[in-house]
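First chain written, first letter: the chains are A, B, C and D, and each begins at residue 1.
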Amino acid sequence: MKLLEYQAKEVLASLGVAIPPGEVARTADEAAAACARLGPVAVKAQVPVGGRGKAGGIKLARTPDDARAAADQIIGMDIKGFKVPLVYCEAALEIEREIYLGFTVDRDARANILMLSAKGGMDIEQVAEESPDSIARLYPNPWRGPLDFELTRLVFEAGLGELGRPLTALIKKLYRAIPDYDALTAEINPVVVTKKGEVIAGDAKLEIDDNAAWRHKDLEQRYGALIEGDPYEVEAKKRSLTYVSLDGDIGIIGNGAGLCMSTLDLVQRAGGKPANFCDIGGGAKAEVVENALAVILMNPKVRGVVINVFGGITRGDEVAKGIITARDNLSMKLPLVVRLSGTNEEEGREILKRDGIEPGVNAWAAAQKIVELTRVGIR
Amino acid sequence: MSILIDGSTRVIVQGITGREGSFHTEQMKELGTKVVGGTSPGKGGTTHAGIPVFNTMADAVKATGANASGIFVPAPFAADAIMEAAAAGITLIVCITEGIPIQEMIRVKDFLRGYPQARLLGANCPGLITPGEAKIGIIPQRITRPGSIGLVSRSGTLTYEVASALSAAGMGQSTIVGIGGDPVLGLTFRDVIEMFEKDPATTQVVLIGEIGGSDEEHAAELLARGTRLKAVAFISGRTAPEGKRMGHAGAIISGNRGTAKSKEEAFRKAGVPVAETTDDIVGLLR
Amino acid sequence: MKLLEYQAKEVLASLGVAIPPGEVARTADEAAAACARLGPVAVKAQVPVGGRGKAGGIKLARTPDDARAAADQIIGMDIKGFKVPLVYCEAALEIEREIYLGFTVDRDARANILMLSAKGGMDIEQVAEESPDSIARLYPNPWRGPLDFELTRLVFEAGLGELGRPLTALIKKLYRAIPDYDALTAEINPVVVTKKGEVIAGDAKLEIDDNAAWRHKDLEQRYGALIEGDPYEVEAKKRSLTYVSLDGDIGIIGNGAGLCMSTLDLVQRAGGKPANFCDIGGGAKAEVVENALAVILMNPKVRGVVINVFGGITRGDEVAKGIITARDNLSMKLPLVVRLSGTNEEEGREILKRDGIEPGVNAWAAAQKIVELTRVGIR
Amino acid sequence: MSILIDGSTRVIVQGITGREGSFHTEQMKELGTKVVGGTSPGKGGTTHAGIPVFNTMADAVKATGANASGIFVPAPFAADAIMEAAAAGITLIVCITEGIPIQEMIRVKDFLRGYPQARLLGANCPGLITPGEAKIGIIPQRITRPGSIGLVSRSGTLTYEVASALSAAGMGQSTIVGIGGDPVLGLTFRDVIEMFEKDPATTQVVLIGEIGGSDEEHAAELLARGTRLKAVAFISGRTAPEGKRMGHAGAIISGNRGTAKSKEEAFRKAGVPVAETTDDIVGLLR
């Protein structure tokens, strides 16, 4: 779960991180009112994706009228596929300097990595490429967390020794997002040092592990509904599916990310355009298959669906039953190609055949078949 | 011969009384795997499908002399089950469970440093099978066939796909190892290929990778140094769109690695042919 | 800092441990009122020492009149040198079984040890001696804390598998007293399983590391003044001295526990009776010496004082200055023998001589001298 | 010869700019100890009493090649300083600071398992001295004298007492080691006696114990197995009253060990004479 900026800031504030005063506004009038209370503000689009600054999603407003105009422009704007649902009006800071601070999971090291750089702000990725040494790095032991001496070393390595105490304290608070919230990424970029010497989070990004959602139901309840985006993805999330929208017209269901991706590859190779990626996972049951089909059929662009299941834990008979129930419940009329192998595959194929669905044996053939069937009306 | 598992491996099923644990225990036994016990706290002293059940792994290992385990417990308990197996002296821990929080796996990986004898496969993996001999996990025996091809894969279902195609073409497998698709996992491509390299019964190796991470690149580096094995690689996800990224931390550390292109190039550079589709693999091995 | 039962229970309750309803009573009337509210209660003496049950410090009361009578008897009672300042009236439990649970620091292992036994209650020490195997033990890694599987094993080893879930949860809560409160010992004996199946702390003992007092000022503020005992020890604690009252008449000051103890040994060997143990520590300064002398002279039994200082960090000149200032400020008339060696010893001796105090060179001679001087009036 | 420290040992003082650190650095230098650097975060790049100061131990070790450190930082920072020294590769860490919370020391001891090269002396100890050569800590040089007696003690000031008496009697010391009086500490009596056993320059050993714990008993067990060293022991606290105990946990694990009686008996059983007073030690060594 990727939190919006103001949500990430609320969470970090609960860990003791200093944040600027700010208010959420859903309308232009609310933004004007917030500015009246806060003074000059930055009006910031709230979307769970980077690059909003360059997309025009952040505007400075000195007066309530400015704020109203800015919010009017930003709310409803599309930023990388996300329709901006609301803005965050945040008191403008007197910036002395900007620092980069963040951690994420380093897959290669199978560990968390903490990063700190004196060169914070918008261009940190460029800094990473051009002068990687200007980013100090630390792999904290996951049971111990970062130790004081490790943080002191990190701070001096980043050339920020004179800010040792406030930065060390800040990093410890940010790090709490791991044990307390199962954070996968937490970033404060920039950490703002104000002209008065305060150390404040200028922006904040926080991603919580979906696998640990059961431990953080409060977050899901408070924020879950607000992160809008692709409507099919939102619906899929409600139904606990792993689903990503794409812009083609062939619906794709597979079990396992690898098989699902290779089905995408095959459909594209056969000349088709996938409408989505939908992994129904290892132990998928009839209900899950039905859910997946329902979400895919919500999309009016979809002209047909290919299902590719190779069963290990997933049993072919259950998949077959799910497909039939789903097709019938949804009165599905579109072409449907099913490739079914693995555990209980004979039983599964039997069930499909009985209900008038011809099961495929080979994924490549199935991909070609669905492309052929969905191209019929187009030519 | 084979790697990691054979007919003499003594296996405990952790979570044997659960639905999946129960079902797959039967499947493992059917192949001839020596399933010598299972765990289920509170059910110690009973038997399940003829197999003795213990409260703890310590008890199970003490009573049975087991050296391997397969984990089928629900996700909230799986990380703990891995550590329990390692602390009990198990040398091959196969974690089938998917959905373990990544931070828990990071802690588990650190914990395992204290138990260098313990090799972890997974989590979120289909396990491994030495066709005709033994298996831990959920790879269907029916699609496998004894032979000399080592198969190692990050994807569960693609593994079946490929194994099935190989078997149908009469090309048997020495051992099939599903390392799992999670970002933080146990044995890597590289670890498994090193084992195949040392296994005289294995002459060819098929590597099935995925976008993300750089385990495939590391394996390619290893193969580039020279190997007696005839290797073929396949990467799924070439047409997958880039994930919508938030924040810069990920980009700072991974740079350009992790794409299908980067992985395929790494293999080609190492002299390893890359299959366009899974169906092409059989041809490239001939 | 050793907390009283009700204080320990308050702390454990803040960690989520279930405790019976109870009220503190400082007078017999308060106890009667508590009983009127709570129903049948146990009226329990609050002293920071074990063995109060056998000393008559716990009485059951079915009615407010019973409770008044019990409190009247217990408040003010002396238990092992502690005058009972108040009682805790606690709702009586319907006990199904009693379990022992505790942890402490195992010096030999340089680690914390968790212990659990199905044979809880008053006689656990006897159980430990007669059937040590009936106490299950676990050394949790101090960074990780006890892991779930370790606790499951502990619970089964103690033969308490059928209480696995509630006990595992309870142990985790009790263990929090280490990271959250720097506890050195925490004990729930008995853990009561009620006839209704609840798992409740029947008694609680908690000792907090004095070295970590700076991290737990709230505890000191809430509870520090209440733990009464020897008035000199209380006064010494206020002055941050390491002081233990003894029942002799020769005041003893030493720097370092070893030197202080060996001074005790020597005085006793010379036929004297030490009035106290007072270690002024490594870096003792003039002010500390003055404080030590002031506390010792509060005790009217004291007939003379021997000071034994061998300076490493402590400097002889500072010790000498402190002795003189203290003697003068306190108008001390009693015999005073000072043995002073180590860093800056010449300067120190010089200062003492100048002010009319003859410094000793040898500890044994100093011990004999103070015994001789204090025996003068007795013979 | 000597143990643990000699004239070639390269020492960093952690907390060199503090009052105690500063004072004792001078004392160490006076004896000839190679104090090659100090740490004080934020003061890196400056010098203090002619010694270069660094921000971190990593920097200090890199610049100076130091192999030992003495810790004089205040108690709330001392546990961290020990870990910092170990992580920087220091092989002898001497922690003078007293008042470190016991739970922090327990975590430190576990941390040090990851750094087997790092030996910790203390905390809450006077340090160690090889008379005429070098010292780390606060043992006054003046009361020592080069020779062949190894002195190891739990008490700071009693160590001075005994060293002073030995020197006055013309009996020099190879190395004097104050292991410290805290319940959870680094080197034990046993560890130090094993080192003396291996040091050809040491022919006699004096052990000064205290009530509490069972380190003395463990040392006696070691000596009972046979030693080339002539040993004498002294235990302080024979007349100390028993502490007022709360709860049973302590009693369950320690039983009857830890008393002066138990310790003295252990040494007598091992054939090691026990001195009645510190003054008797000289006579027993003759």
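Assume a contact is a pair of C-beta atoms (placed from the backbone, for glycine too) under 8 Å apart; a residue touches a chain by one contact, two chains touch by 3 or more.
Since the model is a prediction, treat every value here as computed from it, not as a measurement.
Where touching is counted per the definition, the chains common to chain A and chain B are C. Comparing chain pairs C-D and A-D, the larger number of C-beta contacts belongs to C-D. The chain with its CA mean position farthest from that of chain B is C. Per-chain CA centroids place chain C at a distance of 27 Å from chain D. Averaged C-alpha coordinates give centres for chain B and chain C that are 55 Å from one another. Touching of two or more other chains is recorded for residues 141, 143-144 of chain C. The set of chain D residues that touch two or more partner chains comprises 107, 111.
Taken as a contact graph, the chains fit none of the simple arrangements: neither line, ring, star nor complete graph. Interchain contacts (touch definition given at top) occur between A-B, A-C, A-D, B-C, C-D.
Within the complex formed with chain A, the residues of chain C that make contact are 141, 143-144.
The touching residues of chain A, when paired with chain B in their complex, are 2, 48-50, 80-81, 100, 102-108, 110-113, 115, 124-125, 128-129, 135, 141-143, 178-179, 182-185, 187, 189, 205, 207, 209, 211-212, 214-215, 244, 246, 254-259, 261-262, 264-266, 268-269, 274, 277, 281-283, 309-313, 341-343, 362-364.
Against chain B, in their complex, chain C makes its touches with residues 144, 147-150, 152-153, 156, 161-162, 164.
Across the complex, chain C is touched by residues 41-42, 44, 55-59, 77, 80-81, 83-84, 87, 107, 111 of chain B. Listing the residues of chain D that touch chain C in their complex gives 20, 24, 75-76, 96, 98-107, 109-111, 124, 126, 137-140, 143, 153-161, 164, 181, 183-185, 208, 210-215, 218, 236-241, 244-255, 276-279.
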